[in-house]
Structures are given as structure tokens and as C-alpha cells.
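For clarity, chains are labelled A, B and C in written order, and residue numbers in each chain start from 1.
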Amino acid sequence: MVEITRKQVIPGDVIVTGDYRPGMFVQRRGNDMVALRIGLAEIIRNDVKVIPLSGAYIPRTEDMVVGKVVNVTGYGWEADINSCFVGYLPGQFVFGRDFSPSTHDLTTRFTVGDLLLAKIEAFDRTRDPQLSIRGPGLGKIPQGEIVKITPMKVPRLIGRKGYMINMIAELTSCEIKVGQNGVIVVDGTPEGVQKAVRAIQLIEQEAHMADLTTKVQQLLGAPIGAPPTEAAGPENSGEQ
Amino acid sequence: MTEEKRKLMDENGIRTDGRRWDELRPLKMEVGVVRNADGSALIEWGKNKIIAAVYGPKEMHPKHLELADRAFLKCRYHMAPFSVDERKNPAPSRREIEISKVIREALQPALFLEDYPRTAIQVYVEVLQSDGGSRVAGITASALALADAGINMRDLVVGCAVGKVDGKIVLDLNDTEDKEGSGDLPYAFMPNLNQVTLLQMDGLFTLDEFKQALDLAKVGGMKVYKLQREALLKRYFSGGGPETSTSTTEMMEEA
Amino acid sequence: MPSKSFVVETIKRNQIIEALSKGKRLDGRGLGELRKLEIKTHVIEKANGSAMVSLGNTQVLAGVKIDKGIPFPDTPNKGLLIVGAEVLPMAAAYLEAGPPDESAIELARVVDRGVRESEMIDVASLCIKEGKWVYSVFCDVNILNVDGNLFDATSYAVVSALLTAKMPKFVLENDVVKDTGERVPLPVHKIPISVTIANINNTLVLDPTEEEEAVMDARITLDTDDGGNLCAGQKGEPGSFTPEQIITAAEWSIARGREIRQKIKEAAGHG
């Protein structure tokens, strides 16, 4: 059992004073731990961090994202990944090493307007994020309802080891693809999709509150307190 | 601006709008008013009605001006044609261009621009109705919009103007005092770091008066900061439990 | 105003078209249905008139400034009525500050003509001294948030602001224009109502959202007056309409126009 203290903070607020370790979005000033964003500060033992409630998606390598193709160049596809940088999927990654613009027409695979579930293959401070679709479940998303949420709230939507998103998918019989960039695609029956979308919107609105699991269960008509399904996948899986 | 034509304060120290020397005009703020923007805020301060909106971090245009190690901060202060007594041409005036610059420089020290290399952060300040002190109101709203947009900030920035009227240092000049008074001092600072990020001055102040003015601006600014805080908390946490809570848990809840 | 940088997902485009084939739209509206229209007047007290209009998520603010001015040489005894519109760069992510582009200019001119050519304001009665002084009425619109159909939202804001504006009463005293201090309403002749209809894959929809505009082939804006006559029109975007579709659009414009005019009158306190 561990004690967690949570505090609502805005940038500049002193969260706590003393011998603590500053984590995400926290800066030490003398003995003060100062918040750098609006969000929920969490103090667990000696660690202080802020879970932000707003903010743009900053790409990270290995992240799964849902991107929209906005341009086809000679050598690859440019995708809007809901970030300040445009993602780039090289033609070589799709057509293989012998890819060349003279022999391969990129639009035969993906064209402007297509949605892709992709992985951030490479990204650093000097260049735009590079995408890849090598991996299970990656590639063009053919259909589904598109939902956008604040990227900062995606971890809440996925849940520890994916339990929240798996619960929603199970209870609504939907296939849900979640991008770390806040873009989500839900596919299923019209009723199932509607329920899943409402659950996602509930999480977006109440991400900062406790009892989120109970509220979602209530919304989806599941028995309250039913143990969440442990997911087999990695913690931040982009897919259910 | 050193000659006063009429009395702006009566024998009891009451100003043209009924306030005492250290009173702020009525002030209201609301966060999240422009749906498409990444962050936004509306401020109504006296008769000022100003919207600040932020987009960013976003791709920098033109690309060749992008900075390798940090975000490029852009600011546009603009007055609507109907915002002032005589209709103003919508094209940017020299005054608006200067104010855009000082607002940008007032906000910059609070932002961790180095966290967003090669991007742009754009701040728009649109004055829908102007009533003296529009630039400090614009700065106050912009800080809310930047926090709303989730930009890493050292602190908020809060603005508050002071001035000199009938030989007295007063807080928060209204339009008449701005035009007819003998000193106008827009002031903005980061409240927790106590660092001044905007200071402009017009008029004649002795050193003592100047010190008085700065102290008064700080006191007034802290009152405005309280309202900034409330506006942000209201937007993000309204209806959501106590400000601080402690619980013991199995750590089942997600990060 | 669809912009080159606003790409709609193909999935979404297909969903829009599929819904339309069943007579429905993604937000649940009927083909000829308007979004929620909210009008608030007297929001900028320093201006002579003002109106904040939201049509769905599209939000615009109009302000009216009235002063004395010099008449145009070819109309020495007519007041000046100048309508301008600016899409503020804050109104959408893909906009940048700068001089108005062709879409913004088209918007301003279409709204201006809709009000002026319909003779909403009796400019002939706005003369102070023929050839020298007339009333000049400026109506400027700031678009604050874009979500489609800027034409109608802007037009409703202009009309509402003009309807509720308080004009200074000027008189001539020894050839000098003096403000009597009295405030009177503008001389309003009629209330033109703008209605915009989009053609998406040969289905007509009224009051398109930004998503719908991104997939539309063409749009047509038609203004009607109190008598149910058409008094202004503009077709835009690089697609086309059949003549029958244009007649249908005109019929919709007349029918919806009546309802919207009533709503605007009520909001202005003239209901």
C-alpha cells in the first residue's frame, strides 16, 4: 500500500517543499518543487510529478500514432500526426529496398486522406518524425469512427497494462485503435461504437478524477467492481 | 502628457469612475473560449474586452526562420475596427506592431521555448473593445491561453498598469485617466518568481513616486493573479473534488 | 472556407456521403436544417451597434461605427454603408496573419453586397448636407472561430448589428455638423437573410459545417428579403449545380429565410 497525494496545480505553483525528486513537468527551485503545467501533481514517496491536462503531442520513438496522409511526395508520404511536426513514411519502408519513384507509384498504396496506424521509428531534435508500418496491426485503417482527445489523456484511456481500453473494447464488442497522439478509431456495430465513443469522451472529461473505472463501468452497463481484464500486451500498446 | 486639464479626482479621492486610488476596475476572465485554438482566454477588464488565443507548438512558417534549439515565439496584438471611439482601419498600425513586440517580450521569459525546437508558438491578442490598459489585459489573458495550450511555463505572467492622476499614484488607469492623467506605467511580472517582464512609462515621476508606483503595481498584479488562478482551476477542475487529496492505493489506478 | 491545408480523412468523406444518401448528416441534422443559431446584441457598448453570432461552432462578432463622412462624388446625397469582414488568424489552425486572401475578400464583398444591394438601410435618408456631409456607417466583422458557413454567420451578425445600432443625430449649425446627443435607430427598409447551400455529391445540404465544406463540390449563397424575393446571390467553389438544384436552393432560401428573419427580429427586440 502506498500513499499518493494529489494536488491541482497551475504553472508556477509550489507543489511541495523539501527533499523530493522532481519528475515530469516539475522543476526544483531551491527547496521548492514547482509545477510547469496545468494538471494534477502527484507526490508518491519522494517523487513529485505533474500529470498535465492539456498540451500538444510531442512525438516519441516507439509511440503508436494514427496519422492522416496529407501529401504524397516523390519518395514517401507526409502524414498529419496531430503534432507540431509532420510525420514522414518513406516509400522504401513500404515497397522495400528496390523502391524507386520511376518504378513505384506511391498512390497505389496510400493516398491523401488515408488513415494509418503507424509507429514513430525515429525522432530527434534535428528532424521530423519518421514513421514505419512494420508490425502487427499497423497500416491503413479502412473504416471506423474517428475520435480525438487531448493527447495527455491517452494513458488514462489505455490504463495500466491496457486494462481500461480492453474493458471498453470488450463491453462494446468494438475494435479500438488508440494513437498516443490522441487520435482514436473505433470500429464495430453502430450501437457498440456509440457506447465506446461515449466512454472515451467520459474519460477525456474526467481524466483528473478518481473512480474513473467505476464510472466507465456504470456507463457501459457492466457490474460495478468487476475485476478489470489484465491485458497480455505491453503497457502502452496502441491497439487493444 | 504632463499638463492636466481638469480634476480627475475629487476632494475625497474618488476617481472619475467612482474608485479609490488602489481599487481595480471590475475584472472577469474565462479560459477556453476559442474552440479551434490550442489555448485561449477572454478577459473583461473595465470596458476592455480582449481575447487571447494560442496555437502551438506548431510548424514554423516560413521554415527557413525556424530555430534549431527552441521555439520561435510570435505575437500579434490587433484592435478590431469597432473597438475604439473612432473606427480604426483594420490594417496593423505602428502602435499595434510595437505593442505586439512588447507583449511577446513580456511573455517570453515565462516560457520554456527550448523544450520545443524548430517549432513556432503563436499568440494572438484581439482587442474587441478598448478601455485603457489593453496591453496589460492582453498579457494577462495571453498567459492563461499559453497555460491552457499546455506550453511548459516557469510561471504565469500577470499585467497591471499604474499611473499618476492629480499628483497621486493610482492603480489601473481607466481610459480617461490614460488620456488625461500625468503618468502611465504599464507593468507585467511573473508572480511567483517576482521578475518584471514588461515596463513602459510615460509622464513624470520622482524616484519616490516611481517606487510607489512599482509597489502598487505589484499589489494590484497579485490580486489579478488570484483571478487568473481561479479561472484556470475553474476550467480544468470545476466539479472535480478538493484541491488536494491524499489516498492510499494498491497502485491499480493508471498513471 | 476550405483551405488547402485542411484535408478530410477519406473514411470521414465516405461517412458523410453515405449518410447523405440516406438523407442524413453526421451531426444528425436534416438536409435543409440549420445548426443552432445564437445571437447576442449590444455586446460592444462603445460601438454604435454590435452582435455576436454563433452558428454551430462558427462564431463571429460584428461591430458598427457611425460617424459623419464625405459622400462619394457620384452619390452626393446618399449615406455611406461599408461592410468589411476579417477572418482572424486565431479562428483556425491553418490560418496565418496577413492581408486577406481571395476567400476572405470574396466573403467580405458578398456580405457587403447582400446588405447594400438589398437596400437594407435607406441610405438616401442619411444625408446631412448634399455633396458635403453624409452619415457614414461602417460595419466590421471579426470571425473568431471557423466551422463552416462563414457567409451566413457573418451576414446574420451584420444584419443584427445594424438593426440594433444607435445612430447619432447630426444637425447643421452654421454649416458645421453638430451631434445633438440624441441617439436614433438606423433607417431600416428591409431585412435581407442569407442562406448558403452546398452541393455534396449531387445532394444539397443547407448550412454546411467545415467538414462538409471540405468535401463539397460547390456552394451557393442566396439572400431573400421580407417579401420572399431573391435579392443577392453568389455561387462558389470549383464544382457546379444543375438549374433544378438552383431552384431548389432558392426555395430553401425563401423558406429558411423567413424563419431566420423572425429569429433575428426577436433577438433584436423587434419580434
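Throughout what follows, a contact is a pair of C-beta atoms (placed from the backbone, for glycine too) under 8 Å apart; a residue touches a chain by one contact, two chains touch by 3 or more.
Everything quoted here is computed from the prediction, not taken from an experiment.
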Between A-C and B-C, more C-beta pairs in contact link B-C
By Cα-centroid distance to the whole-protein Cα centroid, the innermost chain is B
Chain-centre distance (mean CA atoms) for chain B and chain C, in whole Å, is 32
Chain A to chain C, mean C-alpha position gap in Å, rounds to 40
Note: chain B residues in touch with at least two other chains are 38, 58
Within chain A, the set of residues that touch 2 or more other chains is none
So, in the complex, the side of chain A touching chain B is made of residues 1-8, 10-14, 25, 27, 34, 36-39, 51-56, 58, 84-86, 125-126, 152, 155-156, 158-160, 163-164, 206, 208-210, 212-213
Chain B contacts chain C in the complex at 34-38, 40, 47, 49, 51, 53, 55, 58, 61, 76, 78, 80-87, 90, 122, 124, 126, 128-131
Chain C residues touching chain A in their complex are 5, 7-14
Touching chain B in the complex, chain C uses residues 43-47, 50, 57, 59, 61, 63-65, 67, 84, 86, 88-93, 96-97, 138, 140, 142, 144-147
The answer for chain B against chain A in the complex is residues 38-39, 56-59, 68-69, 110, 112, 116-120, 147-156, 190-193, 229, 232-233, 236-237, 240-241, 243-255
